[in-house]
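I've put the structures underneath this note.
Two complexes follow with chain A in common, the first pairing it with chain B and the second with chain C.
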Partner chain A sequence: MARMKFLCDADRCIECNACVTACKNEHEVPWGINRRRVVTINDGLPGERSVSMACMHCTDAPCASVCPVDCFYTTDDAVVLHNKDTCIGCGYCSYACPFGAPQYPQTANFGTRGKMDKCTYCSGGPEPDMSQAEYVKYGANRLAEGKLPLCAEMCSTKALLAGDGDIIAEIYRERVVTRGYGSGAWGWRDAYGETVTV
Partner chain B sequence: MNILAKFGAALSLAFAVAVMAPQAQAQVNPTAESVSEEALFQALGTEGVVSGRVSIPDQSAGNLIKPVNKDWAALHGNTVVTLSVIAVVGMLALLTLFYVVRGRIRVDSGLSGRTILRFNSIERFAHWTLASTFIILALSGLNLIIGKSVILPLLGEGAFGTLSAWGKIAHNYLAWPFMVSLALIFLLWVIENIPNKLDVEWIKVGGGLFKKGVHPPAKKFNAGQKVIFWSVILGGAALSYTGFMLLFPGIAGSFTDWQFYQLIHALVAAGLSAIIIAHIYIGSVGMEGAFDAMGSGEVDENWAKEHHALWVEEVKGGKSGSAKGAATPAE
Partner chain C sequence: MGRRAALSALIVAACLSSPVGAQDFLGHSGPVGALAVGQDMLLSGGFDTRAILWSLDEARALYVSRFHDGTVTAVAHLDDGFVTAGQDGRIAVWDRGQAAPRFATPRGTSPVASLAVAGDGSRIAAGFFDGTVQVLALADQSIVTVPAHSDRVTGVGFLPDGQIVSVGGDLRFLRWSPDGELRANAGLPGLPNGLAISQNRAAIIFADGALRVFSADGAQLPERFLTDRPLVSVGASGAHIVTGAIDGTVWTLAPKDLGITAMFRAADGPIWAVAADGAQVFTGSADGIVRRWDALTGDPLGGERPDAPEEYTDASRGAEIWRACAVCHSLQPGDHSRAGPSLHGVFGRRIGTAEGFDYSPALQALNIVWTPETVAELFEVGPEAYTPGSRMPEQRVADPADRQALVEFIARATAHMDAQAATGN
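Right, the complex of A and B next:
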């Protein structure tokens, strides 16, 4: 089994936001929720870089450690998923996440949050793979179809990489060596406890 | 002095530029002069958040990486859970030990059969509204701390999820009657709970809790009850304020504020729960005759004489016939 990770090569990202759009369309993500977003650092300044960010599917995920109802689980591919039937929308995972991944639809009075929604690494939820119930709650299950997450697959500059951590780290490492620079594997240190060294 | 320092700084800056310039020119590569994650983190220190611009309406999504959130996760996941368990289990153990050693505190002179009105219906209504809402709030809150290790294995994920979801709804709604009755309790009893010299005497002899036959004089509320009163008022106020902020995260501010309010809320709740467990014990199985004060509102005269001698004098001295309606001390 692979250890799935995301890596955004910020030196290639052109902030086209196609990953964001593709994600929303593929999973029919509700209004107001962005499972993936592109953040531009040093906007308008020399050295500006854009980073596409979603749930990083952390090792020892902090969201899972604080969840009071224990609705998170890690798949064999090391993808961090959650069960929306168990989730109570308390918001703790959003307090704990370093990447702002958990999102909530506002469903009722006060600040009541609905069931948490986040990137599933295109691999659905606890329901049977590719079932209608799974699609309604979590969106498409591309991993079950043998495909990688759509955001990375359709990235026009191949900035966003998805796949086995060792393989995408090696691809990134080669790029950095070839072109002579790299702004880093964004979020890796916080998600996986190690970054890509070149 | 100041001018000299500025001049020195300017000089060293000019020197640095002069030294650096040829080097930078030699290997200029515009695409390589990018921000790097490592450099950003170093510049930010330990408290920082790497953020930028986003083109979606939710501007808070501009926070790219917030490593400090993991500190809260560790604090909540370990420290808060441990402290809460220690507070609740520790208090239960202490009370069990107290019961084994001291047993039930009896009315030394026996029950007289005559009763005095101690708490009128408004006081009892306020107390029981506060008490019942607190118990549900405390249990649904405690469920969020230890439920996943205690109740989840018993019920299974589906039933536990449903229970916790209802617990959250109950927590959100019952917070309001809790706050109203907390304010009512404060108004009803604050005058009689202002600390005075008698309390020092009461505390010196441990309230007679640990020794049979010792009964320090007290007015309507003794020092122990005053401790409960102020714990409930101050703890309840802290819980209300932080809870309100957690209920309306938009008013509270940002993630850092929510994390702060959550920590205060959880720690105060654990402490107050421990105190209330002791209060429930002494008001029920722990002491003979104590429950009547909040049950029927009428306490036995001998119980009252032993635990609230000065209050009995006040009530008896001020009344002309019956004790009814004389729950508050007359002058």
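Right, the complex of A and C next:
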């Protein structure tokens, strides 16, 4: 079974926000919630880098370790998902996440009504695959259709890679060797406890 | 540290040493997410919607507030009172000894994430989940709202000269003049989870496990990687910076060079709040107990604690489903309310009538008697449809067999507790 991961090559991201738009459109993510966002570090200064941030589906996910109702679970593909029927919207996972992934509806106080929402790696939730109930709560289940997350598919510079961790790490290694530089696979150490060695 | 400085530190530590027989603070019935220590009082806020003002020496609750409609997310002391802020987006300013706040801001649509009070006590700054920072002038109760960050504000603080520092999920460090004019804007290397002002600098904790210190201009000064787990709480006294991680580890560090003074295990789960005075460190965690520790050695100072009441459980499917309910509800008899009331003996009870619980007006206005059937119906359609307007988060149990298992478990737990009470065990 593949170990699915994201990899953001910050040397290639041009901050076009196509990943953000693709995600919102594919899953009909409501207003006020961005499952993916692009953050620019050192904006306008030497060393400027943009990174596309979302849930990285961490190994030993911090969100799961702090959830008081154990609503998180990890799929056979190592994707970290959550059950919105169980989530109480307490917000604790948002403090634990290194990537700011957990989002809450802004039309109400999340503690009283809203459920946490985050990237599903385009693989839905606990409801039956590709069912209407799954789509309404979690969005499209592209993995069940044999496809990869749309954000990475839509990335025009292929800065954002999705797929089996070993394969995308090898792609990144080849890039760094070919171009002669690389500022690192942003977030890999925090998410997966390892760096991509070149 | 020079010998004279070391001697001074020892004298200060001796003068501030903790009282003999000091206790931990027992009163919250859910995670404690906010702490502030004052001259002789401790203030705490929790998931159980309570803010509690404690006497520092005796660990006695002086005042318990359930003003906020949701979790109390941030607290701070004033010279003559205190401030609480919550998930309801409200900031409440309290005079000591008064049952109601002196004033409170209106209910908002975004929770307050962080809170700070200016050194002269004239202003309060609050950071919100929607990225705004509100500056509240206590003299005239005027509010200036600044659209500071494009993501959650994770920390605010006042520099000694009255300027405001804020950090947010947009990975920005901002500094504002007292009247809300942007003075500095710098990038951060990762996601900040909080800040504390220490010696005119901002000590910022990060989800990558690092504590980094920044100058008022946003220039990074010393940094220290403490762990590979996210740091989620930070506080500072004159002598120490204190931070806690999601695995229960706490560090006290020297502000100047971030040398580790003490490292200790304060809980099995996340340390959601820390506070420090010269000699003691206070920690708030998921079990609802505020514990006190020696800041220099990390030794526990709270003494022996009485065992928490045993929660009934069995290996049934109902017990498994109940685990999600147990965050907000107890099954103990009497007033054991958490964020929600105790469900001991719930069957046959009219809605909104459990002893000691402050129900929302919407729930009190309903006419439902809880039976296995009505509880099952509640989880079939969800509280939003069945008890509209209540504070209960939307929860559904889709499988009818699971709903049945849940109500049977609640009935078994009540019977078990009653039998225990009858036999005196």
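Convention: the second predicted complex is superposed on the first by the 190 of 198 C-alpha atoms of A that agree within 3 Å, B and C clash if a C-alpha of one lies under 4 Å from a C-alpha of the other, contacts with A are read in each partner's own complex, and residues count from 1 in each chain.
Going forward, a contact is a pair of C-beta atoms (placed from the backbone, for glycine too) under 8 Å apart; a residue touches a chain by one contact, two chains touch by 3 or more.
Everything quoted here is computed from the prediction, not taken from an experiment.
In the three-chain model built by superposing on chain A, chain B clashes with chain C. Residue contacts after overlaying the shared chain place A:100 against chain B and chain C alike.
With both structures placed on the common chain, the touch criterion links A:17 to chain B but leaves chain C unconnected. Chain A has more of its residues touched by B than by the other of chain B and chain C. Applying the stated contact rule after C-alpha superposition, one finds that A:38 touches chain B and leaves chain C untouched. Once chain A of one complex is fitted onto chain A of the other, the partner contacts of A:193 are limited to chain C, with no touch recorded for chain B.
Touch criterion not met for A:146: it reaches neither chain B nor chain C. Once the two complexes are laid over each other on the shared chain, residue contacts for A:181 go to chain B alone; chain C is not touched. Of the two partner chains placed by the overlay, chain B and chain C both lie in contact with A:68. Touched by chain B in one complex and by chain C in the other are residues 37, 39-43, 62, 65-66, 68-71, 85-92, 94-100, 110-112, 189-190 of chain A. Contact residues on chain B toward chain A in their complex (touch as defined above): 29-38, 40-41, 50-56, 58, 60-70, 72-74, 76-77, 143-145, 147-148, 152, 157-158, 160-161, 164-165, 167-168, 172, 247-250, 255, 258-259, 262. Partner chain A is touched in their complex by these residues of chain C: 31, 47, 69-71, 87-89, 108-111, 129-130, 151-152, 169-171, 187-191, 193, 207-208, 228-230, 232, 246-247, 269-270, 272, 286, 323-324, 327-328, 384, 391, 393-398. The touching residues of chain A, counted against chain B in their complex, run 10-11, 15, 17, 20, 32, 34, 37-43, 46-51, 53, 62-63, 65-71, 83, 85-92, 94-100, 110-112, 179-187, 189-190, 195. Taken in their complex, chain A has these residues touching chain C: 37, 39-43, 45, 62, 65-66, 68-71, 85-92, 94-100, 104, 106-113, 115, 189-190, 193.
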